[in-house]
Structures are given as C-alpha cells and as structure tokens.
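One chain, chain A, links the two complexes that follow: it is found with chain B in the first and with chain C in the second.
And now, the complex of A and B:
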C-alpha cells in the first residue's frame, strides 16, 4: 500500500484550481451515483425501520419490529431455506458444468463456435419468454420430458413444477441452464489466457495424463477466473426471481417461495413497503457478505504476484 | 549411440514445408547449437525432439531408444523454454520439484492432504526436497527458493528454469533460446554457466539460438539451419573459416562476409569486373567471398571508394564501395592504421588462400591460389 501514498502526497501539493477541476470532472458521476444508488439504498434502509404502507400520509418509526416479525414469519423462513437450497444446487452445478463445457470446447477442434453459441444462447434469451418453453417441456401430461420418461418405462413421472417435492429442483435445473453458458464463456476467456507453453512444460516435466496437466496448470491458473465465477454465480442465483414469478408464483404451497419473491409480494401485492424493505436489507446483507468473502479470498491466495 | 539422433524429419504446416528432411546427431555429452534466422524451423525441430510437436515423417532416437511416437514424458528429456514456462502459482522450490514429483510419486501420493498419509510418500518427498535443494544451490538460488516466479527477475527465473531442467538427470537437454530475454551483460555471464552445467551434467545438449555468438562460443559443434534445412554441421572454427554454403558464410560472422560477383574464364582464372584475380576455379559464374579481416589496404588490388569509417575500439571498420558489389565492402583494420577519408580512392588486397569461392548454386567451389609471379 506504500505506492498509494504517493499520489495522495502529490495532490496535497497541487494548486487549488487543479483540485477544483478534478471535483468538477467527477461531479456528473458523483451525482449519478448519489441519485441512482446511494439515495434509493438509504431510502430502503429508512423504510425498513418503519411500518410504512403505500398511501400512508406519514412514516411511523417502529425500530426493529420488522426484523422481529421476520424471525417468527414462517413464510420468510421457508423463503430463506428455499433460496439457500436453490443457491446450493445451482452454483456448484452451473460452475462445474460450465467448466466442463469450456474444457471440452477448448480441447475440441471442430464446431467450437457452434457449441459456444448453443451454450450461450440461454444467457442472451429472455428468461420470461423461455419460461413458457420450460413450462411446456415440464408439463406433467403433455410435456415432452414426461412423454419421454413414459416411453422408457417410468409409470408415473413427477409433476415437476406443480408438485411441492420437485418444484425447487425443476427451478434449479432451469437456473443451471440459464447460468451455465455465462460461466462457460468466462471460463473460456480464462482458459485462453493460460500460456500454451505451460502445457508443453508440464508434458516434458512428466504430466502424462490430462488430469495431471489440469491439476498442475489449468486449475491453479484458472484460480482468479473461478473465484470471479463463483461470486457472480452466487449473487445471480440469490437473485432468483423471474422464473419463480412466471412459472410458480412461489407455489405450490410456498414450496418455491424465494427471498426476492417474498419481498416482491410483501411490497407490491400487500403494499407493505416497510416490511418489504426489511427483507431487501437482509438480501443486501447476504450479497455484501458474499462480496466481502470474495475480496478476502482474492487477497489471500489467488494473486500470483 | 546414446544422445539425440534426428533422422530425416519432415514437418509440413498446410502448404508450407517447415522441415525438409532434417537429420542431426548429438552424441552423449556433446553440446550442439542449432543456429539460424527466425522462422527457419529450428524451434519446430526442437519441439519435435521434445515431443510437443508432431512430425510428418522421420524418426527421433533419444538415449538409444526410438521415441518418435512417444509422449514427451516418456522421452527422458528436459527442456528450457524461451519464456521459461515456470508455473506462476508455485514457488521456485515447487517449480523445480515438479519433474521429480511427477515421476517419483503416484497420482494419489501427489493429492493434497490425502497423499501425505499414503505409505512411502514422506520418504520420497524428503528425497525430492534434497534433490531440489542441491539443484537450487548449484545455480545459486539459495534464498530465492521460496519466492514465486512473479517475485523474481528475468535472470533469476532463468536460473529456476535451468534448475528445473537439471534436477533430474535426463538423457538430453533441450534449450530453446534460453538467453534471448536477458540483457547483454547477463547473457554473456549465463552463457558460461550453461556451458558449465552441461560439462557437469554430461548429457547431450541441443541448444537453439538465432545468435551466432552464442552458437560459436558455447557449442562443440554448430548446425546452421535455413529454410527448413541444415546447411552445415561442423565445429565453430570450421563453420567460420570453411563454410560449405554461401548462406552459411553470410549468416555466420559479424560484420557479414563480403561477397563479389565474379567469373572464372575458360582458362579458369577468376575475374572480378574484368580484373584478373590470383585464383583459379572451374570456369563459370561464381561468388568471391572475403571476411572483413582478410581484406587490407594496399597500393594495388580491387579498386574501391572509401565511404565511411567506424571506430570499434579494438579495430576500425572501413566501408568501401566496389563497382561490382551491391553493398559496400567492409574491411576490419587495426585501429592504428591510416584511415582513408570518405570519397578517397583505395585499393583492397587479400591473400588468395583466404578467398572463398561459391558456385552459382551457392555451394563451395575449390579455389586454387596462383603464385604472385603468375599474375600478368
């Protein structure tokens, strides 16, 4: 951090005019940050400590009551648990499969652009629109998936989105499908940054199997990419909302209730903006914790300076 | 014969034939430099020997075993890469240990945590650590062993790469321009070190470089390569004094050898721009080549006009233009010699025994020096 001290010392000696010019130049970005990010966040934080409902004339300060209610709210507990299960399924699967797809595409000689496009398609397509296709695919009676299952001899295939046993699993599968391509593209970028020479050196050094070379070169050199992918995927899957809103509305029987959907319902269906803001704060805390963990890990290990 | 035997190696890249049937032997304990301009195929040839590049036809023997279709790991070679190719996440010590760990430990024993509890791991790891320490000490790495490549200077990385190569006793060393990323002073120093390492290790060494000074100073034999062919393999002295091909003569030596278009008349007497030389050769067009140090200023000889003088300390280079030559001729003169002014007419003389003659196809021609008296 010693090199950070240098520019600061330089600015303190700079003439006032220059400092003013600097301020003026950062002003547009500063205003945008204030209006678009800081103020709304502060508003949400303030609302979280009130019982404000849309249309009420004044704010009513209630302290930590919203959070106390959350602790005893069965719906919230289910939403939190479902979110954790969803994140815990989608993150490892979409990262593992994304890495696998990236390695296969990287190693392949033909059709690389084709496979890259196929896996990346879900990322650029509109989830809400694709959800309709999923609804058809997973339909208990007319869906092709169950038709296929019946073909191979499964007598009563699951109801997927309409059964509380399988709904979370089905949503997670859609989630994996959604973020696999994104992770794959990030891994492909990471792979292409690994010097070819290192693989040659690994071969000469006696790394006979592909797994040896993966462990000696690919995995460690992908470290920074993997860390980034893990964080991004965690945050993306904590934010799961649109598939739930379109396909299940949290049902059946709250089996697919997730954090952001609960927040949305409290805020925009029941118009309880105070309680909704409190849930938002919990969500924000989770995301911030993830980011903090990432920076910790980044400092500790992955930096090869 | 142990060492490296390269036999008729052909490699094509699409329409381009990068290697046109190259053969080269490196005896056990020998140091052979493969020198040539960039793009001549020398690095491709080395990568084929290492097994990290495929060949279209030909055969490779290392340590007396045919390895043409073997994986690099099964070839018993160590390679130093131009970029060093150190693993950035491992310390110098761990980098040097990789070739040993890969060969002496099983896949399970190399597993983190788990491997430590398998039988035999501990003893083998201790032996590896000792060997690494020895290789590191041999290259003066001592205190640097626990740093990562990113924390080392270019010269230090170079040493780690060398240590990683010598830590195992391979049948052959392959070095791909290992000095090209070092500054001039360090390069001269490391040159000696590599020769020392070679002498101690005694393995066959194939050393690729584009720098003729490295090739001439380090190698037992020099192979000059151009456009996918090896033109000549000989001792550094023979490569310099007795080149068999005009391309070898012009590639080796700095400043470049002087060339003059010439012709041997029906009587076999060599003529340059109508002037008889004291040389005889087979009648026909040819090229007369003369090293800068073999030319001197005299009252008679090749007429030329002085163009420029360069003072180099231990000698002076005189550039003089001869009517038959596209490029000015370069003479190396002792620093105390009288220096002609630019524009002054001079005469350049040489001893006919020092002249090199090359035919129209670039091959060396026999030249017979004539007695001075025979000159009309």
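And now, the complex of A and C:
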C-alpha cells in the first residue's frame, strides 16, 4: 500500500518487464496463500452451509440450518459461555500480572535475567507436556497442592480439574500461567523504550510518588504495547484448546467445554463436518470482531510516544 | 497427534506408488490398518511374522493410528479420497459407522465358503460381536470386558479377605467395603468405577441389570425403565455410601498406582498398563465384576474387529486370509498373550493347548475370561448421531456423580435427549 505515496509518474514509467518480474517474485507466496489459506477458508465457509459428514458419499445444501441448530444447541451455548468466562478471567489477570512482573523486574537490580527466564519458561515449554505436570500438581488425592492444603488444615480441598465447580477456574489458572511470561516480555520491551528523562522531568514537575510517575509517564507511554498485548492475549485465550483436550475433554458435564473443543468434537468425533465448519465460522467472526474492535476503539486514545 | 496420522498417510501414499513393481513380482501386497499401537503392536507383529511363514506370497504393510477415534477418522478420510487400506481393525462401536456408510463389506459369503464357521471357532456369539449395521461387517479380533482390580494390601488392612474368590459378588458388599477402606484416612479412597469417557461402563451397569440401550426395533430408548434406574441409583450409592471420589480416568489410574485407591472397576484392556504402573508398589489382584442381576445380567464387550475394505478382488482374498489368520485359534492366542484382551476364537478358548499354560502363569489375565458367558456386543447407536449419543450419557452420569440431580430426575431427561438424537423415521 505504500506505493500510493510514490509520485505517479515514477510508477507509470516503470517498464512492463519489471512489473512482470515483481509479479513472478510474489507468485510463490501468492500461490501458497491461495492454496494453504484462502481456498481452505472458502471450503470451510461452503461446508458450513451443508450437512456434510465425514465418509458420507453425498452432501446436501441446507442453507442456514447449521446456524439455526446452533441457537438451540445446549452444548454450543455452554461452550460459548465458558469461553467468555475463560477469556474474561485469563486476559485481565495475565495482563495485570505480566505488567506487574515487568515493572518489578525493570525496577530490580539483581537477578533480572533469572526472573525473566523463570516467567518466560512456560511460553517456550510444550503445553501438552506441561498439562501432564499440571494434572499431577492438581491431582485431588495424591497431588502436592491438595497435600499442602490438607497440611494447613483444609479438610476437604477442591477436586480442581474433575469437579465442575472448579474445572474452569483451574484451566484459567493454567492459562494465566502460560501467557503471563509472554505478556511480561512484551511489557519489558515497551518499558525499555520509555526515555529516562521523562521520569526526571515528571519528578521535577511534582510527580513525587512512584504511583504518580506510573500513572503520568509509564502507563500512557505503554499505550501501544498495551493495545498489542490486549489484542494478542484475547486472541490467544479465545483459542484455548490443548489444555482442555488433554486434561478434561470438556467434562464433567460440559463444565469445561470451550468453543474450539466443541468444534473439534463435532467435526472429528461426531464426524459432522458441516456443523463443525459452521462453528468455525462463528469462531472466525469472533476473532475478527475482536481485532476490529480493538483497533477501532482504542487506536484514537493511544499516545504514540 | 496430527503428525502421526500425516506420517501414516504419507507412508500409505508411498506404498501405493510402489505397488505396480511388486505386482510384477507375482506377489500380493496388502495394507492393514489398526489403532492403538501402544496396546496392539506386539500382537500384530507376532501375527504378521507367523503369517509371513504360512503365506510367503502375501506381503503385509501396517499403518497405524494413535487411538480408535483417529483410526476412524483416517479411514473415513481415505474413503473420501479413494485410498482405503485393504483391511482395517476398528473399535467395535465404530463398526456401525462404516457399515452404514457402505465402507465395510459383508463377510458372510466369504465365511460360508469353507463350510460352517462355527467349526473353525467362529461361533454365533463371537460373530455377533462384529455384526453391525445389519450384516457381518467384521470379525472380532480382540475382546475385553469390565473387571475388578483391587489393592490387596488395602483390603488386608481393613481385615477383608484378599483371595479373588472371596471378593464381594454384589455391589452392596463392594460399597460397604469401600467405605471401610476410605475410613483408613490419609487420602486413601475406597473405590472408583470408570464412568467417564464413554457409554461403555454405563452399559456395564445397565446390561448387568438385564437392561438394554434401545428397544428391539431401535425406534425408542430401552434404558428408561427400572434397569436404567437401578444403574444410575447404584452410581449414586457408590458416591454417597462408598465415598467414590470424583476423579477422571487418568487421576484414578494414578491414585491406584500410588496405592491410594482400594478398588478400581474398568476394562481388562488396561491390564498390561496397570501391571506396569503398579510395578512392585503393592500386590494387585483382579476378579469378576459384580453384577446387579446375577441370573440375567450381561456385560458389554470392548475391543476391535477387522473389517474388509479392499475393492480389488486379489487384494480382498489376501486381506481376508490375513483377517482369518489373525482371528484363528493360533492368531487369537498370540493376541491374548501380547495384550490384556480375551481370545475371540472358541477353539482357543476351549482347548487348553493354546492358552492354558499362559493363564496358569499369568492368573491376573484370567478374570476377564471367567465372565465370557456374560459378554454381549457393545451397543452402537443407529444413525448419524451414533457417537454423539454416548457423550449425552457421560454428561448425565456426571450429574449423578456430582450430586447435581437425583437418578429419578436424570433418567427421563437423559432418555429425552437420546430420543432426540435417534434417526427420525416416518
């Protein structure tokens, strides 16, 4: 899009051969985009309006029936609600704690590399493998967490992942643990870009307390970083799947059923690819809406330092 | 998980490319698919080695899927792209999906060619295990049934006899024993019944009360009566009176292996895994599963059956030979020794020359074989919601286990939900 800024004459004078060469050079990427991204997406959109089932010889065009079914599907409604609760818990917590950790590390004098590594570790570890570790930590009878709780006098510690009261909470805690480090690193990068002089200037102007300096300098200047972190965390947490698939399979009684897991189960366990594609479309719409809202609503209020 | 299937698909494509050359060498080459290599690999390898000696003209290539579910997906995908294997071993309750989609072939004519199948060990009962969609859609390869596992040391500590023969025969006694074990404290739990996962263990309770999933004509639910209520009430009592903790399958296995769970009720298919994970921590024993109705009570059969999918006549013959060998007295003995499953050929079951010595040396494997008479097919629901129905049952059992609703309330609601998922008929 940047070529719009170029003088008109320059583009029109460019030889045809050069344009062709440019086209040829973008062709591999273009084909990859078409074959790997655009066509599958279009296929999913088409499937969403059919009753296609894996292995069935024929499919029928059923219009909006899949979406109509979704409205009356208890499982889908629960999955949507659970996803909203999950995102609503994980996003603010992991951003708040990530920012807190970044500020503490930035302000600290010793062991900065160590703490950075410790908080970043979950990001580089494999979720599925870590889920197994969480399974053990949160084990109701032989897990260390409940052993600790019993030590301090809790007689009936919660059953975490296998009780419908606590399962979503437990998954959200794992989600926070997973994305905290990522957010922290992004905030650290944002913090290091803030010029030191501004703090000195603020102090001269009467911002005595650390909180004032945070409110007047750090927070506004972190604006672009925060916007990015909020968007990326929202999208990452809407996508929650691995921990659910490994730890709870949506149970008990759909208490941890989330959008992507429902999509997977409808498509690959129940083999109803048409319905699954319809759920995918809803998911796609949610993600696009999130991105659009973020940029629209927040772009104007951000100070680009 | 995706990687394995993809690799399998690639391997399949590669072997398809190599086919024309091998055909020149006057050899039949077949592709055989099975799921759960961690459970079955040793058994298939042993059978393939013996088969290679008997039929040197047939080359067998294996492709695998990590579990039954992905195995079903793989073969359905390949059916859509015309790359089916020649023979595929699928979980019993998935066979109906293939039968109703026209992928599995009817084996009756091929079985009848060499005379009465029963004379070769394929008795009507055993054939019924893989009779889905209205025809003989497969032949059973491995069968399992639910059994009782228990921790001998925990039973001794509460003064209960440790001998399998003296283990409780009724659920009343089991529940009372569970409460006593739980009273030991220190995080020790009494019992766990493997209700999550699928409908299999619910059908274990239901069938053992003499009930059935659907009516004979498959038009309406059959579990909404007294048998279904007895099953759900029993589940409730396990929690309320027996103190059964609300664990998922993995947590329960871990608790049992750590010596913190007295009794575990689940499939014999896990036996090898259980023996490995218990190790030398404590002495484990296995025995029959208590049944609600000792006279008419039945138990569901888990496991896998081979279904013929080859379209080419020569390959179909070769694949059928392998299927027959893998389920012959010799083949099924190799299967039983290398897994925890029950043999599925009547000759191997009756004639001690095949497995007599093995069961003498490995008494833990005997529990499942002692209740073979009770085994009936794992019920697979008709129509496109076949697999979905099973989740409805698990979700409703969760309501009972968590004490959210009484069995009297859950049963009619569960029946209504299942009814909605049955195929509509005019």
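The rule is short, and it goes like this: the second predicted complex is superposed on the first by the 287 of 305 C-alpha atoms of A that agree within 3 Å, B and C clash if a C-alpha of one lies under 4 Å from a C-alpha of the other, contacts with A are read in each partner's own complex, and residues count from 1 in each chain.
The definition used in the following text is that a residue touches a chain if its C-beta (ideal position, glycine included) is under 8 Å from a C-beta of that chain, and two chains touch if they have at least 3 such contacts.
Note that the structure is predicted; figures quoted are calculated from it, not measured.
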Combined model on chain A where chain B meets chain C, clash or fit: fit
Which superposed partner A:254 touches (first chain B, second chain C, both, neither): second
Superposed model, chain A: greater residue contact from chain B or chain C: C
Which of chain B and chain C A:159 touches, first, second, both or neither: second
Partner chain in contact with A:205 - chain B first, chain C second, else both or neither: first
First (chain B), second (chain C), both or neither touched by A:224: neither
C-alpha centroid angle, chain C to chain B via chain A, nearest 10°: 150
Contacts of A:122 with chain B and chain C, given as first, second, both or neither: neither
First, second, both or neither for A:197, with chain B first and chain C second: first
Shortest CA-CA distance in Å separating chain B from chain C in the superposed model: 46
Shared chain A contacts, counted only where both chain B and chain C touch the same residue: none
Interface residues, chain B side, partner chain A - complex: 47, 50-52, 71-74, 77-79, 81, 83, 85-90, 98-99, 102-103, 107, 110, 148-151, 164
Residues of chain A touching chain B in the complex: 195, 197-198, 200-209, 211-212, 215-217, 220-221, 223, 304-305
Sites on chain A touched by chain C in the complex: 53-57, 135-136, 139-142, 147, 150, 159, 161-164, 248, 251-254, 265, 268-272
Residues of chain C touching chain A in the complex: 69, 72-73, 76-77, 79-80, 97-98, 101-103, 187, 189, 196, 245-248, 250-251, 254-255, 258, 260-261, 384-385, 387-388, 391, 394-396, 398-399, 401-402, 404
